[in-house]
Amino acid sequence: MPIRVTVWHEYRHEKRNEQVRKLYPDGMHQTLATYLKTLGGIEVRTATLDEPEHGLSQSIVDTTDVMLWWGHMAHAEVQDTIVSRVQSRVLAGMGLVVLHSGHHSKIFKRLMGTTCNLKWRDEGGREALFVTKPGHPILAGIDDHFVLEHEEMYGEYFDVPEPDELLLISSFSTGEVFRSCMTWQRGVGKIVYFRPGHETYPSYHNPQVLRIIGNAVRWAAPVDGGKVPEGCPNPSPDWLKTKPD
Amino acid sequence: MPIRVTVWHEYRHEKRNEQVRKLYPDGMHQTLATYLKTLGGIEVRTATLDEPEHGLSQSIVDTTDVMLWWGHMAHAEVQDTIVSRVQSRVLAGMGLVVLHSGHHSKIFKRLMGTTCNLKWRDEGGREALFVTKPGHPILAGIDDHFVLEHEEMYGEYFDVPEPDELLLISSFSTGEVFRSCMTWQRGVGKIVYFRPGHETYPSYHNPQVLRIIGNAVRWAAPVDGGKVPEGCPNPSPDWLKTKPD
Amino acid sequence: MPIRVTVWHEYRHEKRNEQVRKLYPDGMHQTLATYLKTLGGIEVRTATLDEPEHGLSQSIVDTTDVMLWWGHMAHAEVQDTIVSRVQSRVLAGMGLVVLHSGHHSKIFKRLMGTTCNLKWRDEGGREALFVTKPGHPILAGIDDHFVLEHEEMYGEYFDVPEPDELLLISSFSTGEVFRSCMTWQRGVGKIVYFRPGHETYPSYHNPQVLRIIGNAVRWAAPVDGGKVPEGCPNPSPDWLKTKPD
Amino acid sequence: MPIRVTVWHEYRHEKRNEQVRKLYPDGMHQTLATYLKTLGGIEVRTATLDEPEHGLSQSIVDTTDVMLWWGHMAHAEVQDTIVSRVQSRVLAGMGLVVLHSGHHSKIFKRLMGTTCNLKWRDEGGREALFVTKPGHPILAGIDDHFVLEHEEMYGEYFDVPEPDELLLISSFSTGEVFRSCMTWQRGVGKIVYFRPGHETYPSYHNPQVLRIIGNAVRWAAPVDGGKVPEGCPNPSPDWLKTKPD
């Protein structure tokens, strides 16, 4: 059974900014989708903000195993009903890979419960990403560190809940640090945040960045038998089939 | 400086159910407040659902260091603006101690990002609570386990994010188990969930239960210098006072 | 590439106790090996205490991806040099699945740094195991709980470090609870502890128990590129290939 | 009741290296002890490698609530029996604050179960330490970051178990990052690792570094009622005083 991926993208910067369009002529979502299609066992669709229901109809969401999310300038335009739809699906087991400025998306803030604020400054300096959990499946094929020559700076404190796993820490040429790859579980759904990907830099053409995104998709895919939690208002008085002595 | 505590209580069951009123003649909030006042270094106020703004005006919330929260039948009546006010204050450092059926309160679900569902059945059986993190300040004075003769059953899976700390696991006479004391941090605020306290049982007269609630208040109190995270939209280009070489 | 598994077993009880021999005529290790061989992509060897070097020569250890460990009455007979050999291999990436009374093995205590003590009593009561992390790969195919009619009791406090993940909590018919499936990482190696398997009960013939052990083997297998940490006394002055600006 | 602190120091560099002796004329242990004595509610002793039993007789260890540990060039000279003595006391509740090159001490490696290797290079560059858990008691009085103008570099991957809490991340002027303040619990004992303190730099005269060490001492002090875990070989058939129905 292939993993059914939906790459969701705000897709506004590419339409307005020539620099971005040169890097991602068909939009970042297409760049990411093209990469994911080269991997085996993955089916890929894309969805964007300006489509009806942001491309996230109930049937699309219900048949998505892992969703990628990139947004930045138009977080506020995402309808709350669609956010609730995606949240419910995550809690029921769908993986969610939140990229870069998606840290301030409604769906990420809803799942985290915090401001998701961070420090930032776009000076295009160097980002070096260091592995802090070698052997994690999301880091398969990644050495002890890798470098992006030009990226936007994100700095701590990043106001998110304590992650279940901290996989990468970035340092920037201006001296700041950032927890740049983390995972959380919410309900039965696995969530990954991965920092790189400012629209004016070619990070989604970098082999290590793409490798990590591909690994994250596989890692976040639902596991057979991971059940939607039952609960109120449907208590099950006889669920414990074998009664105690 | 004393810890300024606000005990928030739905305060409905006591008005309608004689059994509850016998256990808590002035309401659970008064029972809890009376206990907390016996501890040194704590100032206690109470607030209830049916007061204006649920007793949680901006000035009350702003001058609260730790809030306790008990609700059950009227979660839906809590206004969203008050929930947002309390959430902001938690993220800025206020401690929050959520009790029993408060697991389904708007404020707890908002901070957790999950359904907070669980299995439950009220048969009044025995609950035994076992320590899984001896030496934690919230468990000061508690032996390796303690027993409540009659309580409502809560069972796993409890749909909350992975806790930062798991302090107690309950077993019930019908065989189920439950993670019954856990902590999380959201923003700078410390959150404790503590399971016992069904309105028809005298759990808030139990010395160990009270001891844990008192300990939790002290543990969740803000720490000097725990700052509200700064962030977008106020980047600070010169915050790194000492520039790298 | 198949996962290369070595099932290590003390293999003493079966030789001395008819009740155990009836349950596991060729030893528990053969029962477990036979099951693992039915799964695809796994190669299985066994090794036992009374073989030379306990069956764990350097070449065997070096070519093992995941090791299972069951021991009980003869922990003290395991040579310290073999323990060190296994520990080094775990830190370099080998998975280790510690079963039942293996909690008191030298290798587990070495990796945990604690006493690994627990409460126990063998009355053959019922054990019910409840899922606390639905959707985890080790729990694939497992419902919200399952029951073993007869098992030895293990009770908290279990003196191990805070686990990276808590997957199952057991309750016993006598009322105690136990964290019965947990994971840790040490170095690059993944470690799983799984409680069931007292020698006088047929737990390793139970389909859910076997399913979890098989899942644990897959989960603990090394990931491509998970590197042995470099370190002192071999600093690498030029490892940061791209120098900061 | 005051917290009884023992500052343990290898105390070799000061005797051999004039640069170190200028910074710490009576040894680092005296500098640290002098600071701790300025805080209320703390009693301080010191102990050094070259004293009988390294200054850590059974009675000294038994009456210590929190031990600080700094070692570097002579880790191998610490006797294994003393290491075992300290380990047992940690598991029973004594706090342990491991400083800088103490990461490679026998006691720390014993408690961690890993190599505790890291990358390092001594070029005396700048270290900036960023808070990742604002509001933690160990960070009381610390702003969002602070800077040490000259320190040795330590870099990831630092081969320690996943910490219970990550409090500070350092960046160095050469671009590396390091998790520079972390906590773990082993048995009932609380362990803190804090990175700064290379012997040729004046880090233990820095007010923020001292503040954090003082905070760590308070945080790691034993809590009333945190019991030594009981366990094998002393099962307690009647420990569950209230039997289930």
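The letters A, B, C and D name the chains in turn, as written, and every chain counts its residues from 1.
Criterion: contacts are C-beta pairs under 8 Å (C-beta built on N, C-alpha and C of every residue); 3 or more make two chains touch, one makes a residue touch a chain.
This structure is a prediction, so every number in the text was calculated from the model and none was measured.
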item: Centroid comparison with subunit B (C-alpha atoms), farthest chain; value: C
item: Of A-D and B-D, whichever chain pair has more C-beta contact pairs; value: B-D
item: Approximate Å spacing (C-alpha centroids) for the pair subunit B, subunit D; value: 32
item: Distance from the mean Cα position of subunit D to that of subunit A, given in whole angstrom; value: 37
item: Residue numbers of subunit A (touch at least two other chains); value: 126, 128, 133-134, 144-145, 157, 162, 164-165, 173, 175-176, 185, 229-230, 239-240, 244
item: Touching residues on subunit D, where the partner in the complex is subunit B; value: 93, 125-126, 128, 133-137, 139-145, 147, 149, 164-165, 173, 185, 188-190, 222-227, 229-230, 239-242, 244-245
item: Parts of subunit B lying in touch with subunit A, wherever the complex brings them together; value: 87, 91, 104, 110-115, 117-121, 157, 159, 161-162, 164, 173-176, 184-187, 229-232, 235-237, 239-240, 243-244
item: Subunit A to subunit D touching residues, read off their complex; value: 126, 128, 130-134, 144-145, 155-158, 162, 165-166, 169-171, 173, 175-177, 179, 244
